[in-house]
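Each of the two complexes below includes chain A, the first together with chain B, the second together with chain C.
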Partner chain A sequence: MTHDRHTETDGGATIDDEFLEPVVVDESEMGLPPMTSVKRWLLTTNHKDVGILYLVTSLFFFVFAGILALLIRLQLWSPGEGILSAVAYNQTVSAHGLLMVFWFISPLAFGFANYVVPLQIGAKDLAFPRLNALSYWLYLFSGLLFLVSFFQGGTLDGGWTMYAPLNIATYTPNIGATTVVLALILFTIGITMSSVNFLTTIHRMRAEGMTLMRLPLFSMSILLTVWMMLFAFAALLAALLILTSDRLLGTSYFAADAGGSILWAHLFWFFGHPEVYIVFFPALGVMAEVFQTFTGRRLVGRKWFVASMVLVAVQSFMVWMHHMFLTSINLPVKTLFMATTIGISLPFDLMVFALIYTLVKGRVRFTTPFLFAFGALVLFILGGITGVFLGAVVLDYEFRGTYWVVAHFHYVMVGGATALFGAIYYWFPKITGRMYDEFLGKVHFAMYFVGFNLLYFPMFLAWETPRRVYEYDIGLTPWHRLATIGAFLLGASFLVMFYNLYRSLSVGESAPANPWEYATTAEWAVSSPPPLENFPGRPSYATGMLSFLTASGTPAVSGGGRTDGGVADAHRLDTQSAHDAHAHHDSHASPWPVVIALGAFLALLGLSALKQGAFPEGVVGMVYGGTALFGSVVLALSLVQFGRESFHTSEPDVAERWPFAGVERTKLGVWIFLASDVVLFGAFIGSYIFIRVAAGWMGWEPVPHDPVPGLVNTYLLLTSSFSVVLALVAAQKRNRTWLVATLSLTFLLGVAFLVNKGLEWVELFHEGVTFSSGVQASTFYLTTGLHAVHVILGLLILGFLIARAVGGAYLDDERPVEYFGLYWHFVDIVWLFLFPLFYIL
Partner chain B sequence: MGVVTGVETAGVPLHSQGLLPSGSRIAVFSEIFTVFLVLGTFVGVLVIGYMLYNAYRYRDGDHRTDDADRPVLGELPGDSGGGRKLLFSFSLSAIVVVSLIVWTYGALLDVESVSAQSADADNGVDVRVEGYQFGWRFVYLNGYQSNELRVPADTTVRLSVTSDDVFHNFGIPALRVKMDAIPGQTTETWFVADDPGTYQANCYELCGAGHSFMNAPVVVMEPDEYDAWYGSTTAANESSSANESSDDAEATTA
Partner chain C sequence: MTSTKLYAVIYVVLFVMATAQVLVEFAGLSYWLAFGVILALSAVKALLVAGYYQHLLFEPRSISYLLVVGLLAAVGLTLAAAYSIS
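Our next item is the complex of A and B:
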């Protein structure tokens, strides 16, 4: 095992290779089968394994959605009839957009985020590894659900923007269209968990000395991305839940009257514009890392670069109406959103200049990752300039719905993806321990870059073509033919990539820990691939340079530094770290995430056939109903098992935690989750107010003519908030009887709330006020229904807590009771808003 | 040009000096688009050229002469300075972008001011445009309905756009007019056609299986011919025959 080879890096970082060999820890001892076993990939919760799963899965969806893109281009080869029917074309366009935006670009970026961010910040894993595995499986199964939709009478054909009211069952009656909406919901749930996880991780698990401002830029870009995701996807979830209710239960939010159409546009674009930056930011982070490594220069104006990113992340929630300039919004609002749009474009200028100036006085090496990052910047500049055209409202009026928009956002979004393709090459040696073939990498880049511009640039020239039409003006034929040729060249370039990567896995040269001169971040200071728990000791930047400390705090090995004598230290380190690993016994495997996701998949698949609250007649309905029931049972049982499973993870004793040093890990997770829940309820309440204003605020009669049941429920919930506080006190005083009694009281009050509500609803149904009795009933049932679902979820958790409290749990560690209390209080507070809004005003 | 546009209503003197875009929507679009195209191309070539030049100039070679402070593995992320140069370039680009957009803002005010005019203004023509799956219905003030839009040349045509069913978008590309057709709402826009002839209106928002074919003929007539034609229409004699009307249009252009 001993090599005399040293990894020489310019400037003095000398790391003895001995540290960089995979640390010999028996992974099977941690319940993890070897990498060659399929079982490992089903069970693993390790961030690097999950990262690989994300990468492979996202590339699968990339190929699938890419083939759809080629179908589009084949259809557009000739101006008239082609290979697709009108309906098939609409489905192809819609599925291509949804799969590329949701199931490809972001998940590819999150593959890298999973793999690299913990390494860069000096963490052993994410804060909640099992939740991370669950996020992945929800992602995969949501994608599979989408694929199933093709076989249910056709998938969604309303475009990726799913404008209302085309998105309701009246106009898109296919079961497949419903399935796509459900798939998006499942995806969004996974995304929300993932956001909570990354936020908790990055805010609480940074190595000593790595302050928030000192985050490596890729990790910084991911941090800002997940903050945006947390809020943006909550708005999307609200829109999707409302849409699902319209499609399944027959509520009438998005039907033609009372502003439903514009409501969808607001909800969708409130999510949709931040989504552009959610997709682009990780690419920007990759560009910054790759530029620094391959120019051998630190980023010019780093703090301005970071400030620009923060500014964009905040502003991204204030520009959505620029997608709606031709709706009925008035001139002052248009002017405001024109101004915010210009405002958000300017920080990007600064970031582009920062990257360009980093080249100056550098030692630029044109490796494959650099070519892709450099190419991405060129494409982004073109996308940015053509975006300024759209910022001028008068021009935007004419570009609306044309290929100018198509060309512009492909330059930006696929431009971003270009950097991510570079990231595949950049981190391939780290992930696989093998070098890729540099020549084939460059061939890929050349074909890709030429293909890209052949594909998208002619779209600017043929910009008069209306979007999403499958036949066009005959005079534009040459440009569309050129684009089709470019599309196939672009597609072919990926055959080269897949061949290169596949071949390199087995015959590629062995990758050293750090194959890239001038790379600085911590993932390059450990072996390729890194050991299961990442570091040979506790990473610390206390001295300004990375070093790995033993448990006693003495330096085990320096990741940078100029010391050269590491052999004696090395042996000490090996034994020490092995010892540490055994002492902690962190868990790395759990069978339940994949089962939970499978259960959710089946349950939603079954529900997709619901219409007006009923399954179709006959065998089909029984199969769907049975699938829904079976899936729900699997989901419920696996959730209980997930809760009961003993899964140990440890937090670093020493870490940078500003500004959340005083908030324990799980508590921070709960707070972050509640923040996104605030947006979810905010979107629901906002939708109700929007629709009520559109319908005439004063003429709107509250649906429950009797406010007494609502008032009683207010008292019930407030009392239950009090009893959950008593439960916490009982747990702190280690009084098991009182703990069980107060938790049970809370449970009973919650049940009483639901019973009271149930009686109220039954009475309303008897009076003929059902889900489909118009938009007033819709808003009432759906908003208070969402709250009721929160109460039910709370009761399920509470039942679990009671069962464990009876067994004597929580007396030594009352925190689960406290965190449940946070959730429960939140649910109560929401009711305090809903009661006046729906019963009194 | 002598057309009725909102220039007068906006009353900005700069228009007459030719500094701000003015005229019909076709002229305004073409002027702004050209300026953006020229400047955009210039900036693009400049920036990308500068990038390529520096990437080439500072390429890594065999002879590493400089001993600048290079990044080392394990250091905390830092920067290379250069903030002043960066902020200077940024300010320059901000000035270009902001002034360009502000320059177009006057044109936006023009476009909006005509839209905002009341429907019973003395001059111009008012037509209600109703989108449906999959076609367009044009309703005139006298109640006459048709599937083709007939308008007089050199006259402000005000459109009230709405939809019977789903979200559509009504646009006549050659006349540079476009507006969302939203069910349950009415949006206003306008245009002026300089030249008689037949144009095509399209749908610009995906609206279902027939989206690609959701077109309508737009016939621009000489004003006096239009008056004669309009005088002959009533609410009862609605027409949806496009062929007949396009023949008429050819006759008028000839």
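Our next item is the complex of A and C:
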């Protein structure tokens, strides 16, 4: 490559802001109220708006969970009971951890991902903008559900890892504790949609010439993050659904004497360790991006940096048992996981050196974003090294459950968050069109960095303090006091940040398209803030530099070359792009995402009071039951409206789509979703196998005495798979009668499956085999129950399809029938394994 | 149309194999041999459904890899977890 320095970058080019007058498109014509209206924020599906919503909401949860942290530190001013009771302390510690990990760090990163990734890859929006809005609203309402839990007799007090058996209703009986689990489920559903959405977007909608290797590093980090999220959160969802069933219906997985608590640890940490990198990768992407911008040079060893990230993403799924060194798992497996854990530190070493070397080779400009990114690197190095101690089995015997662990993971997680705080400053001018105050930014950093180390470093020195409790050796008091002072300094630093950002919104200098002189990614090639549909024409990197093409494909503006005609071109382009927008009429607003999330919120809130399958007696039970019912109705109606709404989005005609060229957008989305469902069912089946191994494989008899009802159900599902295939053929042949007939037959077969299953269950209940009859019955009911829920969901979609098919739909476009079939066949395939595992073997 | 015929043949094969699974159970084989045969039959059925009904055979290979990755994650979790307590 012999490009000059500016073009040899992340597919970018130097930016010439004279071209970059905002494209004036009347947003109200696209169904979007102005930004000053509350209505806009309820309706919007635009990725930049949704990004802002994520950023603001995550900062709200940050402040909330931060106040909880200050309460913890106040309590630890001296050992023993202080301002908080023992139970309140446990709740504070648990809620602080859960809220920071789930509702703050990742959502903050995804605020940026929403805002920046489509801009960086050259897309107008995400692949499924309405689904994206829905993900956000599920996130917000899941957080609200968590907050409600504080008022239901107290929130969860079992620690953020929710270890079994502490997580079951016997030990954490508050309704609030159940609500937290349900909130996590809602959150995970939103996350899964988000993963599907980002994966489809990044794999299908990259601008021409934007190959995966050229992907800007922040977008690359997000791509790998969502890949990890897709599989990791499916395992968490399995764990949470099983826990919910234990708490609400009275199944007894995690109470099982043999293997119950270890099962939770396996499921949780199979998710939990990738989660560390899910949280950290976006921060790594920000560091790389900010280092490039403020050293004025390309990342040293960029290719190897990317390769290392890919390696870590894969390896992250092979280290989870290092969280379980003090459980009863056997020594060989501990040794194996010690080795894989040391192994995962190697690619990180490479990344750290790449970042350091970039500093050495470049000319550093000490702006606020750079300081935060640099601080993050320093903190991460400390956090990483102290983590290697914990990866060694023998040392972990000593360190586990102490403040060494607390200090280590705060250096890593909050170290990562440090880069994300830098990202706030880095992209603030882009998002708001205003510059922040550089001096106050540096004051924030100074207070933050000193406060951080004052807070967390003493924890290494006072490492003998036991984790999660407020008792400690009196001799460690000075270190804890130092930490408390650090905590308040850290907290105060954010007052400076909020003041700075709030004031800058109105009085900050207005920001040019690219305020950073050297920036290489495409978000800096458009105005600050960018127009609704992002680009003045179709972005293309075909020549190795960013240029914007008109609809006909002729170059309209090149990001790099400054010509006399440039300004005039830009004007012509504005008209052109406004014209294009009118021709395509992409939708940008939908009322249904927020209503769906509200319905789900109410339904789960109502369900939270369920115990052993029944609501409490009296008025309280009626209120909860009513709320659940009302929420379900709202949810169902809004989902139907969501399906009926005409919402148009266009896919670019020309795009980089490796490795999914030839797979249409929605089809790819369905397949990616099914891949996560494979892990969900896999984790359920795996849990069954694990519990059965723990209980003794051969001593375990199948719960149903007779395989024949199961065999009949196998016949029914196989036949329904065949009929849905015939439906697709009928749609392709444009034969409406056959289409409706075969879809209806599928529906009837599905109903017959459920009736047969229902009869079987009723008979078992009569024999006294209920959900709570022991772990054997639990695994049977819950695993086949999850499958039945999939059948029910399929039938609901099918009912919707039939209603539309009667009206003549799908004859011109049979794809919805095809995609429904993909799901239905998947449910069939799962049964092909459940049948022998639960009825025969 | 040949594709309809192909789908019908596959349907019959699936039906027969499901029946065979139950028959294997009563064939008096040793437990682990029967276990292997029955799960192998399930796997073959799953591959037929995925390959033809979900037409994965005719899609870009990357989709199949995607699902294999999910499957590997689930199987890896199951085997490693089960081994850890053995």
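In this section, the second predicted complex is superposed on the first by the 816 of 841 C-alpha atoms of A that agree within 3 Å, B and C clash if a C-alpha of one lies under 4 Å from a C-alpha of the other, contacts with A are read in each partner's own complex, and residues count from 1 in each chain.
Criterion: a contact is a pair of C-beta atoms (placed from the backbone, for glycine too) under 8 Å apart; a residue touches a chain by one contact, two chains touch by 3 or more.
This is a predicted model, so every value here is computed, not measured.
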| item | value |
| --- | --- |
| Touching partner for A:292 - first (chain B), second (chain C), both, neither | first |
| First, second, both or neither for A:482, with chain B first and chain C second | neither |
| First (chain B), second (chain C), both or neither touched by A:518 | first |
| Partner chain in contact with A:545 - chain B first, chain C second, else both or neither | first |
| First (chain B), second (chain C), both or neither touched by A:215 | first |
| Partner chain in contact with A:356 - chain B first, chain C second, else both or neither | first |
| Touched partner set for A:328, first chain B, second chain C, both or neither | both |
| Partner chain in contact with A:262 - chain B first, chain C second, else both or neither | both |
| Touched partner set for A:796, first chain B, second chain C, both or neither | neither |
| In the superposition, chain B vs chain C on chain A residues touched | B |
| Touching both chain B and chain C, residues of chain A | 259, 262, 324, 328 |
| Interface residues, chain B side, partner chain A - complex | 21, 28-29, 32-33, 36, 40, 43-44, 47-48, 50-51, 54-55, 58-60, 64, 66, 68-83, 85-87, 89-90, 93-94, 97-98, 100-101, 104-105, 107-109, 111-112, 116, 133, 163, 165-167, 169, 171, 173, 176, 178-180, 182-187, 202-213 |
| Sites on chain A touched by chain C in the complex | 231, 234-235, 259, 262-263, 266-267, 270, 317-318, 321, 324, 328-330, 333, 659-663, 668, 671-672, 674-676, 678-679, 681-683, 685-686, 689-690, 693-694, 698, 707-708, 711, 714-715, 718-719, 721-722, 725-726, 729, 821-822, 825-826, 828-829, 832-833, 835-836, 840-841 |
| Interface residues, chain A side, partner chain B - complex | 9-13, 15, 86-87, 89-90, 93-94, 157-159, 161, 163-166, 171-172, 209-210, 214-217, 256-262, 292-293, 295-304, 324, 326-328, 331, 334-335, 338, 342, 345-346, 349-350, 352-354, 356-366, 374, 377-378, 381-382, 385-386, 388-389, 391-395, 397-398, 400-402, 464, 466-471, 514, 518-522, 524-525, 541, 544-547, 558-561 |
| Chain A contact footprint on chain C (complex, rising order) | 1, 3-4, 7-8, 11, 14-15, 18-19, 21-22, 25, 31, 34-35, 38-39, 41-42, 45-46, 49-50, 53-54, 59-60, 62-63, 66-67, 69-71, 73-78, 80-86 |
